[in-house]
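Shared between the two complexes below is chain A, which pairs with chain B and chain C, respectively.
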Partner chain A sequence: MAFVNLKKKEIQAKIVYYGPGRGGKTTNIEYIYKNFEDRIDSKMVAIKTQGDRTLFFDFFPFNIGRINGYKIKIQLYTVPGQVKYNATRRVVLNGADGVVFVADALAVQRKANIISLKNLQENLKHYQKNIFKVPFVFQYNKMDLLKKEVPILPLEALTGDLNEQLNRPSFVASALEGTNVVATLKKIIIMTVASIKMSLQ
Partner chain B sequence: MLNEEHLDRIEYILQENLIDKGVSCSLLIDMAGNIIANLDSDKAELDIYSLAALAAGNYGAVGAMANIVGEDDFSLLFHRGKDVNVHFTNILNDYLLIDIFDNGLSLGFLRLIVADAVKKIKFILNYQVDK
Partner chain C sequence: MIDNHNESFSCPEVQGRLDDLFKSNEKTFVDRGIELYPDDYPLIELKSLVLSLDWEITDEIITDFMMHTDNLTEFYRNDKVILKFLHILRALGKYIDANRSKAHPDCFKILNSVFFALDDVILTKDISRSETEKLLKIEIENYKKLRKLVSNRKLTKSREKEQYSLTKNVPKIVKDDKIDCFQVKSESHMLIVSQKQLNDLKNDIKQFIHSEFIGLRDELKNLK
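This part shows the complex of A and B:
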């Protein structure tokens, strides 16, 4: 849960990028880190395997300015997407105030997306959080591969598989090219801050 | 929620019980990695946000390991370096106190002063929870 420091007039909130392995979670936050370096006062922490896959998490804090006199510091995290790393994924999800689900639009990843979303629901439940209530945005990543004639899931299939019941905001994106990476981030920040404000009232 | 007075009192405890007794940096964080209070001596210049994120992750991972081997928790979590050491203390399961200290302090002495500080911090946090 977000921490509101009444003394420093600062709110710290945690946003977690979730999704199947090799779906583009790290690419998302690397893009943000490169493009907003002036607002980031620490180095990006990345705990990777020797094969350059996320082992534990990627992290950096991100200042987004002030709202109602409070400095907002967003802590961005990714989780390891590989199925076998569920214990560490669950640790990273602890205290998440908002979640971005980065779905892999590659046709061969259809099942992996569904499994990962179900896993998110279970892990949120572990922390007494309801996937229908937590601030949550979908990003359908790798849409740039359409141009390269790689088999991609149509938007209707992605929505039908993942977002039909949840009905959350969604973005068609390419984390590699930066398309809609910032739009996704803006949306989850707006939803997360609104939710924190509501919980304070 | 912790009010300004609570935070002042926690900072006072960290200063008086830990920093004044030789701890280089003392951080109180929650298990999500958010920083509640931090104090350091002049010589410590650390990236505390990354430190807090890593400490919360580390502590969570160690807790998950404890569960796998049939323990609720490991009561001592401590990393010894060549010059700098890090000590972690769980407070009321929701908070973590991280103390960074050099070899001028022994682990035994550190554990004594941390235990005293934790007792006082618990009192404030418990009061806040009860309210």
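This part shows the complex of A and C:
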């Protein structure tokens, strides 16, 4: 649940980037950080292992300014994608107001995407949250590999595997090149803020 | 965006604020052209395998990877620079095959780096010999660094094992006044250790701790 300070007129929203290991969650946040560092007066915190894998989580807070008199603070988190770190994922997911699921479009990652989405559903359930009700956006990442003729899952397959029932907004993206990274973030922020607004009314 | 979003989530004030914050830096696929490789590009399969190896190491992928490097070695048998790139790739493939998930994490970075350098060499039209040799030299250096990291890792592991076996069955040291040395009694054997040997042991332990610190510093540098 978002942290709302009515006295200070401040809302703090937590958005978690979820998805299979090496799918590009950290790359998404790094792209935002590197490209808007001058406009966003904040620092990104990342804890990685030797092989550049996220060990615990990445954390990137920033303000988007005042809206309807409320100062909106956004906190972006990533979870470690590797299967073995489920306890960490669950902790990071606690109190999430919005989720971006970064699916890996590589054909070899098809099963990993499905397992990770299932894991997200279970972990949300642990906090009495329903995956169908949480502000949620899909990002089908690594689509840039298409031009390199690497086997990529067709959009229909990605949608069919992951989004057929959920029917959430989705973006084809390349976190490495920055394609649709901002669009994904904007969408999840809008959905999250709207959801918080609705819950306050 | 694929248009299937829930309209109840519209929030024009936030939209406006975000447009201001992130303006002029958005990229979408609409304004991007997709460049395809030429039909006769010989590395297509290998590229797919290199990227697959980064995600999952299976017998099938490894076998295909080795087979494709062999085929390309035959195909480029008259080009010494390309052959050297392929030899490095093959060596990395063998290392990954032997070590699987225990392979040094940097080996996947180097595998990608070597492959993409080779990709540049083959794809870049009018690339000069000196440029290709320069690229090769960089990758050879990377490969050597990896070998060093791997051997350091092995050394540290074997020392850890030694340390473990030493501590597992620690012999008891008993002072014997009759002889100018220590008697070391363990369950399985009896050793006579002189003062000099003890000093040597101490020095070995000091050196081991020193090398461990060097290893740790390297790890910290890599983390940065």
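Here is the rule we use: the second predicted complex is superposed on the first by the 196 of 201 C-alpha atoms of A that agree within 3 Å, B and C clash if a C-alpha of one lies under 4 Å from a C-alpha of the other, contacts with A are read in each partner's own complex, and residues count from 1 in each chain.
By definition in this document, a residue touches a chain if its C-beta (ideal position, glycine included) is under 8 Å from a C-beta of that chain, and two chains touch if they have at least 3 such contacts.
All figures in this text were calculated on a predicted structure; none of them were measured in a lab.
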Task: Following the overlay on chain A, give me a clash-or-fit verdict for chain B and chain C.
output: fit
Message: Quick one: is A:2 in contact with chain B, with chain C, with both, or with neither? Answer first, second, both or neither.
response: first
- prompt: So, does A:95 touch the first partner chain B, the second partner chain C, both, or neither?
  reply: first
Message: On the A-aligned overlay, A:191 touches which partner chain: chain B = first, chain C = second, or both, or neither?
response: second
- prompt: So, does A:42 touch the first partner chain B, the second partner chain C, both, or neither?
  reply: first
Task: Compare chain B and chain C by how many residues of chain A each one touches, and report the one with more.
output: C
- prompt: After lining up the shared chain so the two structures overlap, which partner does A:177 touch, if you call chain B first and chain C second: first, second, both or neither?
  reply: second
- request: Based on the superposed arrangement, let me know which partner A:14 touches: chain B (first), chain C (second), both, or neither?
  value: first
Query: For the superposed model, what is the least distance in angstrom between any CA atom of chain B and any CA atom of chain C?
result: 19
Task: Would you please give the residues of chain A that touch chain B in one complex and also touch chain C in the other complex?
output: none
- prompt: Where on chain B does chain A make contact in their complex?
  reply: 1-4, 7-8, 30-36, 47, 49-50, 53-54, 56-57, 60-61, 63-64
- line: Seen from chain A, its contact residues with chain C in the complex are 22, 35-36, 39-40, 48-53, 64-65, 67-68, 72, 104, 106, 108-109, 112, 135, 143, 145-151, 155, 159, 163, 167-172, 177-183, 185-187, 189-191, 193-195, 197
Statement: Seen from chain A, its contact residues with chain B in the complex are 1-7, 12, 14, 41-43, 45, 56-57, 59-61, 73, 75, 77, 87-88, 90-92, 94-96, 200
- prompt: Within the complex, which stretch of chain C touches chain A?
  reply: 1-2, 4-6, 8-11, 13-15, 17-19, 21-22, 25-29, 32, 34-37, 41, 44, 47-48, 51-52, 54-56, 105-106, 108-109, 219, 222-223
